[in-house]
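The letters A, B, C and D name the chains in turn, as written, and every chain counts its residues from 1.
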Amino acid sequence: MNEQQLSAEEIAEFLNEVFPGAMENFKIEEVVPMRARIRMPFSTRQLRPGGTISGPSLMALADTGLWVALLAMIGRVPLSVTSHLDIDFLRKPAPADVIAHTTLHKLGKRLAVGDVLMYSDGESMPCARASVTYAIPSSHKP
Amino acid sequence: MNEQQLSAEEIAEFLNEVFPGAMENFKIEEVVPMRARIRMPFSTRQLRPGGTISGPSLMALADTGLWVALLAMIGRVPLSVTSHLDIDFLRKPAPADVIAHTTLHKLGKRLAVGDVLMYSDGESMPCARASVTYAIPSSHKP
Amino acid sequence: MNEQQLSAEEIAEFLNEVFPGAMENFKIEEVVPMRARIRMPFSTRQLRPGGTISGPSLMALADTGLWVALLAMIGRVPLSVTSHLDIDFLRKPAPADVIAHTTLHKLGKRLAVGDVLMYSDGESMPCARASVTYAIPSSHKP
Amino acid sequence: MNEQQLSAEEIAEFLNEVFPGAMENFKIEEVVPMRARIRMPFSTRQLRPGGTISGPSLMALADTGLWVALLAMIGRVPLSVTSHLDIDFLRKPAPADVIAHTTLHKLGKRLAVGDVLMYSDGESMPCARASVTYAIPSSHKP
């Protein structure tokens, strides 16, 4: 089961097909088995007063970033849904791109769980960490 | 310290002042000491394919809803920031308004913590639950 | 499905049967559909230096307390396992009994999710809050 | 601030002094700046029916493991307390030692936050993941 099913390009194409707009704020940079790296380009639309990137933008990045790592492994299964997300905001993000490094720790028949570390571009310490659980539809045959 | 400082109207006014747009998707329905009720009117913009209200919309509702309960107690302090949020998505929300019931369980000098239960309008079981922690700036004098 | 299957006495009996010792630190005070109240009697064994009840004791109380509420609804199903637990420690607990008020927010075929508020006996504000997710074995017929 | 203050031996000595018994179930294997590796030797006392290591044992391992990484950085400060812990149980642990790899992602004046990955000895995928937040006493001078 731990064999990669889809490339970065195939995932982006699939997401745009089943969920138009899902990737408009994100760029898939790399996908390897159980891991993905996603970039959220800096945009003034995400800014809060004080120049901070908004919390909901980082939550969406974490959520989508781990979904990409999951789709890479399970293939064209559109119906996986987030069942749990928790996030710690660690530092005020810089007014810059944010890069999410996502790792799947479990890929079961019914649940997938992983971690996300998010870095302002060029920084060595993360601005946020998250973990996310997905419920995988039971019709999925791994 | 457990005396309410601001009414629903004062909070909405303050938020629009320091953070334009923060309340454009939300309506404060009731504020009492340590609790608030916030409505997110149904909007087709929040929809995912399949008619579901998006996860990030519910996360923003939880985050803002508890912030309203906090501001009611600490007054015009703009700089409180979310340090942790966790959310469980329990049921597919109906294509309807979502109502958040927020409760502060701790209001300390440095941290505030509370729970949020979110219901599709008219439903008796929540579509999501969340808990949120805020870091309160140390310049705040309670 | 939302009908109670077991009484407090039947749950205690069942737990002692399948999991000897599980309830030796806890007393089931009340069980109603989707809710339970559990008491952890004060014991010097749980103390940390400074007289605080240890974090792991409160985590075990949250975990077991919501399990009781779950068993009340699904009956003699021993194999449900905790898949996620998160806890906020809000105040130093008093050297006293701790009472957990547990509420199930979701009781699905595969997952159950609920909240726990824990109070030092006699206090009006909680010393800790938790939420817990259980994975229910698929052999279970609701 | 990111310089290590204490070695593994000094941390074990300090913990036994201020908190007798804290380390009786744990062995500090390695400490480097912002990271620590802790072993929980297998013990039949931690077993649940079915041979599983109990959830509270893993929670205590996560909590203590990250505390060790924190003490290495801040020195002999006994009063840091856990304010939040969340844990995902990913796989049934083997009847074997469990090794926790802990990483601090933030070491602020008031809060420290980190991740913990726990592995049954010899396994390549974790049996549990956790994140933990500590409140650092304000008397601490970093």
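The rule is simple: a contact is a pair of C-beta atoms (placed from the backbone, for glycine too) under 8 Å apart; a residue touches a chain by one contact, two chains touch by 3 or more.
The model shown is predicted, which means the values in this text are computed figures rather than measured ones.
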item: Identity of the chain that, by mean CA position, is farthest from chain A; value: C
item: Between B-D and B-C, the pair with more C-beta contacts; value: B-C
item: Length of the line joining the C-alpha centres of chain A and chain B, rounded to whole Å; value: 24
item: Whole-Å gap between the CA centroids of chain B and chain C; value: 27
item: Rounded Å distance between chain B and chain D, as computed from the means of their C-alpha atoms; value: 33
item: Where chain D touches two or more other chains, by residue; value: 83-84, 86, 88, 133
item: Graph class of chain-chain contacts, one of line, ring, star, complete, other; value: complete
item: Residue ranges of chain A in contact with chain B within the complex; value: 18-20, 48-49, 55-56, 59-60, 63, 81-89
item: Touching residues on chain A, where the partner in the complex is chain D; value: 86, 88, 90-91, 105-106, 113, 115, 117, 125-126, 129, 131, 133
item: Chain D-touching residues of chain B, taken from the complex the two chains share; value: 83-84, 86, 110-111, 133, 135
